[in-house]
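Read through the structures below before going on.
In what comes next, chain A is part of two complexes: it sits with chain B in the first one and with chain C in the second one.
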Partner chain A sequence: MFKKKEKRQSIASQYAKRTKLGEIWYRLKKNKGAMVGLAIVALFVLIAIFADVMFDYDTQIAGYNLRNKLIKPSLEHPFGTDEMGRDLFARLLYGTRFSMAIAFSSVLFSVCVGLPMGAMCGYLGGKFDLIAMRLLDILRSIPGILMGIVIVSWLGQSTVNLVIAIGFSMVAPLASATRAAVLTVRNTEYVESARSIGLSEWRIVMVHIIPNCLSTILVQITLRVANAIIAASSLSFLGLGVPIPSPEWGALLSAGRAYIRNASYLTIFPGMAIMVLVLSLNVLGDGLRDAMDPKMHK
Partner chain B sequence: MSNEKEIVLSIKDLVVHYEVDGDVIKAVNGMTIQLEKGRTLGLVGETGAGKTTTALAALNLVPDPPGIIKNGEIQICGKDVLHMSQKELEMVRGYDIAMIFQDPMTSLNPVLTVGFQIAESIRVHEPELNSKQAYERALDMLELVGIDRHRGSEYPHQFSGGMRQRVVIAIALACNPHVLVADEPTTALDVTIQAQVLDMMNNLKNKFGTSTIIITHALGIVADICDDVAVMYAGRIIEQGTLDDVFNRTRHPYTEGLFNSLPNIKDRKAELKPIPGLMPDPANLLEGCAFADRCSYATDVCRTKQPEQRMISGTHMVACTAYDDPNFMIERSRKP
Partner chain C sequence: MLQYIWKRLLLLIPVVLGVSLFIFLAVNAASGDFVDSLNTDDMTKEEIIAIRAHYGLDKPLLVRYGLYMLDLLHGNLGKSYSTGLPVFEMFMSKIGNTLYLTIGASLVCWILAIPLGIFAAQHQGSILDNAASVLGVLGLSIPNFWLGLVLIIVFSQYLRILPSGGAETAASVILPAITLGTGQMAVLMRTTRSTMVDCLSQDYLRTARAKGVAEKRVINLHALRNALIPIINIALTQFAASLAGAALTETVFSWPGVGKMIIDGINQRDTPVVCGSLILKCIIISLTVLLIDLLFVAVDPRVKTSFVTVKGGKKENV
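And then the complex of A and B:
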């Protein structure tokens, strides 16, 4: 009799001790795919952070050594060298900085603009919603790459402008997704119930509505980061992204085009890097969304 | 015994319309009730009678487009609810008056633990408590409604329907409000759980002395826990009185019809006697008594004149033109 009660209480106290974040982490750990994705993304992030320490920018990244040009992948140069004699492995790893920084900053930009906008549209409705949605429609009717090209051409070619350009093109879908999520949650009975116990509108939005939209927003963010990496690479590929000689992956792809016949590794490795990072982000995003949904069966 | 009745909730001449796409839906048409301290009032009526709208109006929660409170005065413990600022309303809701909604499956926020949701009400209305104290109080409430306090860190989907409704009740009663409005609190639950939840509500009512309005269409529940009854039809109260008045000295033909529609457990072979017809479309209410078309006692006068409210005894009110004739009595209450 006593043993049963103790056992029940210890299970219960296990539940009690686990905080919300702990709960999410616990569930995420069970998803093997997501953990691999997380590991890869974490690896890339670490590389991005420590690239400066690992490689000396002036000699390895931006410098040139024509005697070493176009060496196939070997022990000394795992990914080969490019047409200027620079080690591709070093350039690729250093390029992680650019891709990560640009992708995360542009998504941050679009979240800072799009999320409040979408939430206000969804929650307030009325004239604000009408006008804001029409503005977003205008924004959305312009193809992303085109908008990116226009903005970079107008503002000038620099990393900051690239971030603005990509961020801008992502505001509309993010705002729409947030708005849709808020609209669904706004009409639920628990929101009405929250109002009936006297919670302020602000508190209702922050504590009740937005957390229920988080899984939608999080999936959006992950997709957008992946998109942003591709967008940044595309713009750099076109020559409108980061200025040369920055080793951004798209720029590496573009530069490798000329040698695709006899030095195909110059395009293969950057392409694979993009693919691996984007895939990992998507798998991680899916896993996070599943982990955050309290209703998923264990 | 003093004659002083302390009225905790007073609704006078409430008129609520919904304006949708050009149509005006007259949901509540002149409703007056007074809830005394410590009493339980059963608000009975069919779907569409205006019961939920009345309840929402009491908390000034009628959705503003499309609902408009055209007229009326609502006072909770003397405070005028319809003319308060948003801030004042937020203080009254949950603290002086609380509401329980119908469906426990959707009344709780799925991403917050039940302990958090109960504690929230406490934190908002009693800011002098720190969050740990509020959480402890929340767990106390959880125990009070019959749930183990260790389950406070669990999520709503980990509870069954009956337990969720208990949590909802715990949230509503967390700050010990003067008035509790329960909108069909047990309709979504199965019968055995219904009985448990009603029992629990009764105990809590006795413990805290909360005055309650129970909105229901089940006369059995009314008989079980209500002290007073008000019967609503097409947005008006057509009969009102103590439980004894309405059940044993029924006067209104509609109320009679409600009792007749109940299957008779003693006579299994008897035919069911529903009330013919449907409640009138609230967008197209006619001049006279809204029940006239379905009433077996109706006369021409009924169709043209709005029945006035007549006090039959100190506590019993009926709105029926037939009682202009002092000898009239409906079948159910005719002396054999």
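And then the complex of A and C:
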């Protein structure tokens, strides 16, 4: 009798132990595509972290050797060498660090600005919501890439300004996504009951509303990182990105474009790197969304 | 209804004002103005000051914005610093090219995306459905400008069958249209698939099948017509966005359109061109969005009831 009760309790506690995040992870693990995406993203993150262990920046990445210039892909230089004789493979791997750092920090920027703004709009509503939403409408009517160009040319060309430009152009979509998520949660019964038992507004927002919006926001963030990588490489491609000789992927592509006639591999490989990482992030983001909302998966 | 249109048009005014203020301040506060981008080595200081005064660049920023907006109210968008032509004329001379490219890209996108999306929805879980969804994610993940460059490498360098840039021959539009269309295709295909999936599980389809309607008719008449509303919405919004300038694609292919004009303008610090074009673009986008909304009122009675005055005088969603 006693044992039975204990067993029942342990099963119950097992279920209770699987938190909402654990549940999501459980479903995500079943999605093969998303797991492959996650593995590739993790690999890129590792490359980005250990880039300076693998290569010496001054000699292998920025230093040039004109004798080796424009060598076609071979065993020694798997992706060939560029117009300065630098190994493209090494530069691409090192560039992971720049592209990822720019993408993550610009998303962080947009989260820091957009998340509180969206949450406040959704929760407070009223005049504040109205005015903030009109402001966001204005920002949204300028296409992202052009906004980025305008901001970089305003602030001047540097890595930090690139981050600000990309982050700023993502504030509006992130804020409206958060607002929508907060709006749906705000009107649920458990928030109403939390209010009826007299919890403070602060506690309601922090304990009941934000954790329940996290899933939507996490998906948004994954997909935004993918967007940010493309945006950063687009701006670099237009010559508005990181200063040379930093091996950011878009900058590599842009430099390779000048040699498109006799060394097209200089254009092809950096683009493929961008594509593989963005693809993995997108697949992972889609997988996350399905895992968080099983109803969506049809 | 008329009241709704007026309200939407009035709401456009603060948006245009906000955009113009943001763009004007950003472009003008940039380090270095138009005169700095000229070659001024053999000019004296007085000459440079005279040039600045001629273009009104010596006045404070807010005064210049005020003057600019005053001109704008009279329908005058100013003249380009670099060519001396009125901005409105320049915009109008380029918008034709952009329209041409946009129509091409939209055709590529619609012809591929809609049938593929419908097919994928009909055959959920099949190999082709999976292939279509891979294609969809791929389309979202390929950097547009890179796809353009790869197409140039393949079709104009190796195969030598299509021109790599410019707009001289009729064939020039093919590569930019494919480049621009592919990115849009991914989004449209995913929308088509998901709305069709929703529609296919509706009860009225089962009813239609039960009363013996042919499968083709079930899909084309009953499912597709109901799914079309979000599909058309996405398709037209994309059309408006690329009409307003597909800056990167136009730059890669040196396509003489509005997007390339704006990027060139930014590089040359040609403030009136950048400001004027961006404001016109915003107006185009907002008007198109308004048109789409109105179109839906005409097509879908469900939308109409959501904002037309209901008995009791309560209005929603206006």
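Quick note on the criterion: the second predicted complex is superposed on the first by the 268 of 298 C-alpha atoms of A that agree within 3 Å, B and C clash if a C-alpha of one lies under 4 Å from a C-alpha of the other, contacts with A are read in each partner's own complex, and residues count from 1 in each chain.
Operating definition for what follows: a residue touches a chain if its C-beta (ideal position, glycine included) is under 8 Å from a C-beta of that chain, and two chains touch if they have at least 3 such contacts.
This structure is a prediction, so every number in the text was calculated from the model and none was measured.
Of the two partners chain B and chain C, more chain A residues are in touch with C. Within the superposed three-chain model, A:I274 lies in touch with chain C and out of touch with chain B [touch as defined at top]. Contacts of A:P211 after superposition: chain B is touched, whereas chain C is not reached. Looking at the shared chain after the overlay, A:I197 reaches chain B, while chain C stays out of its contact range. Looking at the shared chain after the overlay, A:L238 reaches chain C, while chain B stays out of its contact range.
Once chain A of one complex is fitted onto chain A of the other, the partner contacts of A:T188 are limited to chain B, with no touch recorded for chain C. Judged by the touch definition given at the top, the superposed model places A:K72 against neither chain B nor chain C.
Look at A:K30: by the touch rule set out above, it reaches neither chain B nor chain C.
On the chain C side of its complex with chain A, the touching residues are 14-15, 18-19, 22-23, 26-27, 29-31, 124, 137-138, 140-147, 149-150, 152-153, 157, 194, 197, 241, 244-245, 247-248, 251, 262-263, 266, 274, 278, 281-282, 285-286.
Only residues 59, 61, 86, 89-95, 98-99, 101, 103, 106-112, 120-121, 124-125, 148, 150-155, 157, 168, 171-172 of chain B touch chain A when the two sit together in their complex. On the side of chain A, the complex with chain B involves touching residues 9, 12-13, 15-16, 18, 188-190, 192-201, 203, 207-208, 211-212, 214, 294-295.
Residues 134-135, 137-139, 141-143, 145-146, 149-151, 153-156, 226, 230, 233-234, 237-238, 253, 257, 260-261, 264, 267-268, 270-271, 274-275, 278-279, 282-283, 286, 298 of chain A are the ones touching chain C in the complex.
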